[in-house]
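Quick one: structure below, then a few questions.
Order of writing sets the labels: A, B, C and D. Residues in every chain begin at 1.
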Amino acid sequence: MLRAITLTTLVFAAAAPAALAQTVTMTMTPPAVETNRYWNTPGDFALGPALQGLVGHNPETGAFDNSGLAESWTNNDDLTEWTFKLKPNAEFHFGYGPVTAADVVHSLELHTGPDSILNGISQLEGAVAEAIDDHTVKFTLPAPQVDFLFVHGGRGSLVIYSKAQFDAEGLEGYDTKPAGSGPLQYASRDVGRGLNFEKVEGHWSGTDVGYDRLELEFVAEPATRLARLLAGEADIAVLPREVQGDAIAAGMAVIPSTRASNQTAMLFNGTFLQPGDEALDKSLPWLDIRIREAINRSIDRNTMIDVLYDGRAEVLPVFAMDPRHEGYSQALADKFDAAYGFDLDKARALMAEAGYPDKFENPVIPILSSNLAGNPEFPTMAELMQVFLEEAGFQTEIVEMDWAGLGGLRNARAAKMFHPMRNMPVKPSAVGIRNYYSAAGRPRNNYEDPEVEVLMDEYMQSTDPDRRNELAAGIFDRVFHQYAVVPLASISAEVVVNPKTIEGWLYPGVTSVGFSHFENVDVNE
Amino acid sequence: MRKRPFFDGLPVISLTILVVVLVIPALFADLIAPHDPYKAYLRNRLEPPLFFGGTTEFILGTDRLGRDILSRILHGAKYALSISIVGILLGAAVGTALGLIAGYLRGMADAVIMRVVDITFALPSILLALALATLSGPSFQLVIFVVIFVIWGYFARQVRAETLVLREADFVARARVAGASDLRILRKYILPNIVNTIVVLATLQVGVVVILEATLSFLGIGIPRPTPAWGLLVADGRQLIVSSWWISFFPGLAILLTVLSVNLLGDWLRDRLDPKLRQV
Amino acid sequence: MARFITTRFLQALLSLLVITLIVFSLSHLTGSPIDALLPDDATQAQIDNLTRELGLDRPLHVQYFTFLQNAALGDFGDSTKWKGSSAAEVVIDRLPATLQLGGLALLISVVVAIPLGVVAAVRKGSSIDAVASVIALLGQSLPAFWLGLVLMWVFAVILGWFPTSGYGGVTHMVLPAIAMAWFQIAALTRLTRSAMLEVLDAEYIKLARVKGVSERAIVWRHAFSNAAIVPITYFGVLAGSLLTGSVVIETVFAWPGAGLLAIDAIRGRDFPVVQSVVMFFAVFFLLANFLVDILYAVIDPRIRHQG
Amino acid sequence: MIGEPVLEVRNLKTHLMVKAGPLPVVDDVSFSVSAGETLGIVGESGCGKSMTALSIMRVLPRPIGRIVGGEILLRGEDLVSKSEAEMTAIRGSRLGMILQDPHTSLNPLHTVGNQVIEALRINDRRGAGGSLPARAVAMLKKVNVADAERRVHAYPHQMSGGMKQRVVGAIAISGAPDVIIADEPTTALDVTIQLQYLQLLQEIQAETGMAMIFITHDLGIVANLCHRLIVMYAGRIVEEGTVRDVFKAPSHPYTEALLNSVPAVNRKVDRLYAIDGQPPKLTQTRVGCSFAPRCPYADDTCRSLAPSPSPGLSGSGDHRASCWKQERGA
């Protein structure tokens, strides 16, 4: 159901007085899919301010906590049964009653239905939810999942909708005005323009939002978002780093997430090292580990961070590895400079040793340039990579393609390119490894290595935390020494705010869109 | 005496601008550009132009990767020129050929060709370009294709209209009586009489094409990076329009000057060669 | 007149039929929507499901005839990106915004360009003529998106006279409409000027003069009505370029119209919406040109009486 | 019949301001025409006869045409000094004009009735005779348009050339002007229609008593229609007099050539094939007689000194020609 944009709304919009009520306006990139049915999106959780999952996050540490709908949870030893105890006083908006186990069961059905296109929904494949009592729900999983909480928090693959509303109004009800349970409730959607929320007075959790209305505006053009912020039309703007400088110069302030929300890397796609793989193209220059190392060493990461991230990012030692998750190895991080440090001489020596370019059937490195919402730096990144690689003596070409086009090639295992990738939110190690280093991932993509596969098989089945940690570390060690990818940076989510209206915003940057905890937006009176 | 004071002398000026901004750079960019247009001086990123706090090293400043704007603009002229020439030549060739056929043969061929013209006009070219770009990715060829798609119809319509008149002319009738073949009549009698029209129309299309290239780049489907095509330079620099205005301003100026002088020249040519032509 | 209109109408219909074929084949050339619609880690089951749901597993000609049948009824299927709405609904929902903006842009172009072109022609060689020439030349020399951004910065951010962007009242439309109208003003001024120059040389203008008609009546009643054929012809083209221009300007000004929708739909591989938006644009264009043809006939008795 | 002079042109000079410099298209032209009189102006294309007419009407091509000297006196009022608004009021009501090509001189978008009505509304000072449409019909009847009641609703493209020229005539006389200027009104018409049209003009003139200036290059018409004529060459009058005098004793070699090149009455002549060469380009600095380069009798005097008007060969007082060689062969 779309709200028609008519002349009447236009007149009213123009006539409406600047409300006395305090409105926070956040201007951001449009989501990939505009719908109130979350499972019909790849995971842009635009409804985040109103709808909740079972598990929440600590805004400072990013750690899972019970700020969501569940007050506690337990799991069995082999990590196949997870039981959540719901908060008894949790209530849906608009009078749809308490949040119960039945709502969870109902929501799981919706999210795992045939029309679900959620990222990471494979983690819920085969999961069965069972209402033990009104406020207790048990998930039974076909395979152990140590990262099951990630489904409910961070990635947010399961968001709790009201069954009562569904029974009364069907999906139509969700389309019109979905009842959530957060401290802000759904007000309206202006298709193509944005989403509006309003404060819930006397919220069941006791949270008292410091403003009356939240408007999320979808504006595709970054320069326009900047203009809106500077003209006072928006209080908060999501801006590419390169234009943040202009905002800061005009007196705006950057508020980063408390935790890293995103990792970036360039992948050597097509490095299919498992024996007998028919998708392997033997002419890819980066099948030679010396070339992969040489490329890694051609890159001046500090300069790159200056260029792409305005200096506000950390060098990433291993893509998908993070101190918060399993298998983190300080040793690898320490060795990074020695093994990956910027060293053109070493790079050229490696190239010479490998016989580049003469011994290569196809010495040209195709670098993908693509636009991906949330990573506006990717096109510049491609150009910068070209600069670095050419400086070292590589032959390169830039290939432009949209992200969906890359997705198609990756699914077909035909993306024979050196292309950018991100890990956002920074996923638990098992998910990250599966996604980026294993043949078990979907799409099967860049780097597949028999040694990793062996470790991976065990890692996926293991329920022993120590063993898991060891296995993950082993995999990270292997990909590190194989120069499997070009790890680049670890970055925070950032918003730029107008300090006249916004005092601060504490958010951890751990969700798939980077932003959460809208109730923490601190407005100036 | 005061007949057209505004235009007087301008052909010379515009031709000069065109040569300086477009032709010389396009032909001799390698010799006159102070830097390699692709060379990134990463230490000199976002340097302002000379007189705005910059140095003579980078007269028009540098972009976000520290590439010299002046050199990029000079090299970009190649692309502006080649897209214009290739695109317009092909577009004019297709349009003229079909326009000649339609106007000369009339009847069914005319109906079909003019319908195709209508259809090309009716299809939103930018959207088609976007759709095609998702298929094959942006490329030089795609830009050329879009250019041809956008402009051929104008040539076809105009050429057809004039051919319709010319085919009834006495000298064509005499040639026909003398036994000249259709092809010969078209080539020897009709085409020479519409060459002026084609030249004028083609000149006036240069502006359209340069702007179109910029628009395609804005939408991310122009000439692929890191090629320093003008449109791409403007589109790429638009985010930094406030602080690093020079990134988009100078290429924009190059576009402005080129289009301006080509249009002036086109107007002048039209007045000279083909006063009856009044299409934009 | 009836025959003239019928012929034009049938021609437009025929064009439309060919356009459906192009639109259909194009959207099926542009790669599978599956990649855009499914997450990176989609399972084969998800892929198969969606393929079936979208009918992509059926033979192409079957898909086309289904498409054609449904298109005739205005049904282009359900949007894949705006779930819960049919594609036509999505487009119809956004079209008014584009028409508002395009309408205002058209109004601005006409109000500025026609008097300017007329006066430039009447006072040929004067300073007004020079101003008109400069406007006409400058208008065609700047990419619209760049002009739009500059307007936004100068008049919204720095001067604060207008809102920067977004949907709203007339004030919201001023800047995008000007950015959109800019090029059209240029084109229309040139056309009007040259058409007027031609007409002002005509014998019937001389006759009007010698019979004592006032200058104003000569310019508007006698000259402009005859010259109007040319700008009116251009309105047909204008209708198309305003729609096309909307793609760029709506992006810059975050104006939630059909142009912005089209980009989103193409990037999101939302075939049904892409198809319906292109069809709507094409129908709109053909309709506009059909109206222009009728207008010719209304204005010019020679066309009215032919056939 | 022939009464007071109503229009006197004295030393009229008109220039076209073109890039190369001013073109003297009308150079020191003087003549007068009286009520009920028809004055013919004769000459080849480009001799300045139309420019003279346009100067009188003050509708020279803009912005290049300009009257640079002389007077145009309409019943004693100098038109040259009139403002544009005053001229607008005079045009149509006191000065009427019929243009050359009826096919292009009517506005294609308006019915002929409306075009007549427009003229009536502006110019008809008497304001008598019923509603405008009814008077339009009456006007059309006056110029012998058959089936006028129906024809007022017709568009120009639905009428024949002769019919259209009648309409133009109706428009020209709608204000009952003092002077009507007919600029080659029959050139575009068929021979038979021409005669009818000329007859019509004569009738109208007889009825209204207005003065008429008839511009043509057809001496046959002049012989039938006009009382006096002036012959123009290169922007100047080379000979003037009554039709009888000039035809009997052409005193300028150019007039002579014109007469010789008319093999029969009513034959249109665009160019004087009998005379070699072409009229001079007006930009050329003129020394001597303009016609000298084409004149078989020209001598050094002709080439160096411009002749001034002198009595013509007929001996009548108002017959004058500008030629050094009037007494050639005679």
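Keep this in mind: a contact is a pair of C-beta atoms (placed from the backbone, for glycine too) under 8 Å apart; a residue touches a chain by one contact, two chains touch by 3 or more.
The structure displayed is predicted, hence computed values, not measured ones.
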Self-check item: Innermost chain, where centres are averages of C-alpha coordinates
Solution: C
Practice problem: Go through A-B and A-C and name the pair with more C-beta contacts between its chains. | Solution: A-C
Practice problem: State the chain with the largest centre-to-centre distance from subunit D, centres being mean CA positions. | Solution: A
Practice problem: Let me have the rounded angstrom distance from the C-alpha centre of subunit A over to the C-alpha centre of subunit B, please. | Solution: 43
Quiz item: At what distance in angstrom does the C-alpha mean of subunit C lie from that of subunit A?
Solution: 38
Quiz item: Taking each chain's centre as the mean position of its Cα atoms, how many Å separate subunit B from subunit C?
Solution: 22
Quiz item: If you average the CA atoms of subunit A and of subunit D, how far apart do the two points sit, in angstrom?
Solution: 89
Quiz item: Which subunit B residues touch at least two other chains?
Solution: 2-3, 134, 238, 241-242
Quiz item: Tell me, which residues of subunit D touch at least two other chains?
Solution: 63
Exercise. Any chance you could list the residues of subunit A touching two or more other chains?
Key: 223, 402, 404-405
Quiz item: subunit A touches which residues of subunit B in the complex?
Solution: 38, 40, 42, 45, 64-65, 133-134, 137-138, 220, 224-226, 238-243
Exercise. Spell out the part of subunit C that touches subunit B in their complex, as residue ranges.
Key: 11-12, 14-15, 18-19, 22, 26-27, 29-31, 124-125, 129-130, 133, 137-138, 140-146, 149-150, 153, 187, 190-191, 194-195, 198, 230, 237, 240, 243-244, 247-248, 251, 262-263, 266-267, 269, 274, 277-278, 281-282, 285-286, 289
Self-check item: Sites on subunit B touched by subunit C in the complex
Solution: 2-7, 115, 118-119, 121-128, 130-132, 134-135, 207-208, 211, 214-215, 218-219, 231, 234-235, 238, 241-242, 248, 252, 255-256, 259-260, 263-264, 278, 280
Practice problem: Using the touch rule from the top, collect the residues of subunit A that touch subunit C in their complex. | Solution: 1-7, 10-11, 13-15, 30, 32-37, 40, 42-43, 114-122, 125, 171, 175, 190-193, 217-221, 223-224, 227-228, 230-231, 233, 402, 404-405, 407-408, 410-411, 435, 441-443
Quiz prompt | Residue ranges of subunit A in contact with subunit B within the complex | solution = 222-223, 226, 240, 242-243, 245-246, 249, 300, 303, 306-307, 369, 371, 379-380, 382-384, 386-387, 390, 398-402, 404-405
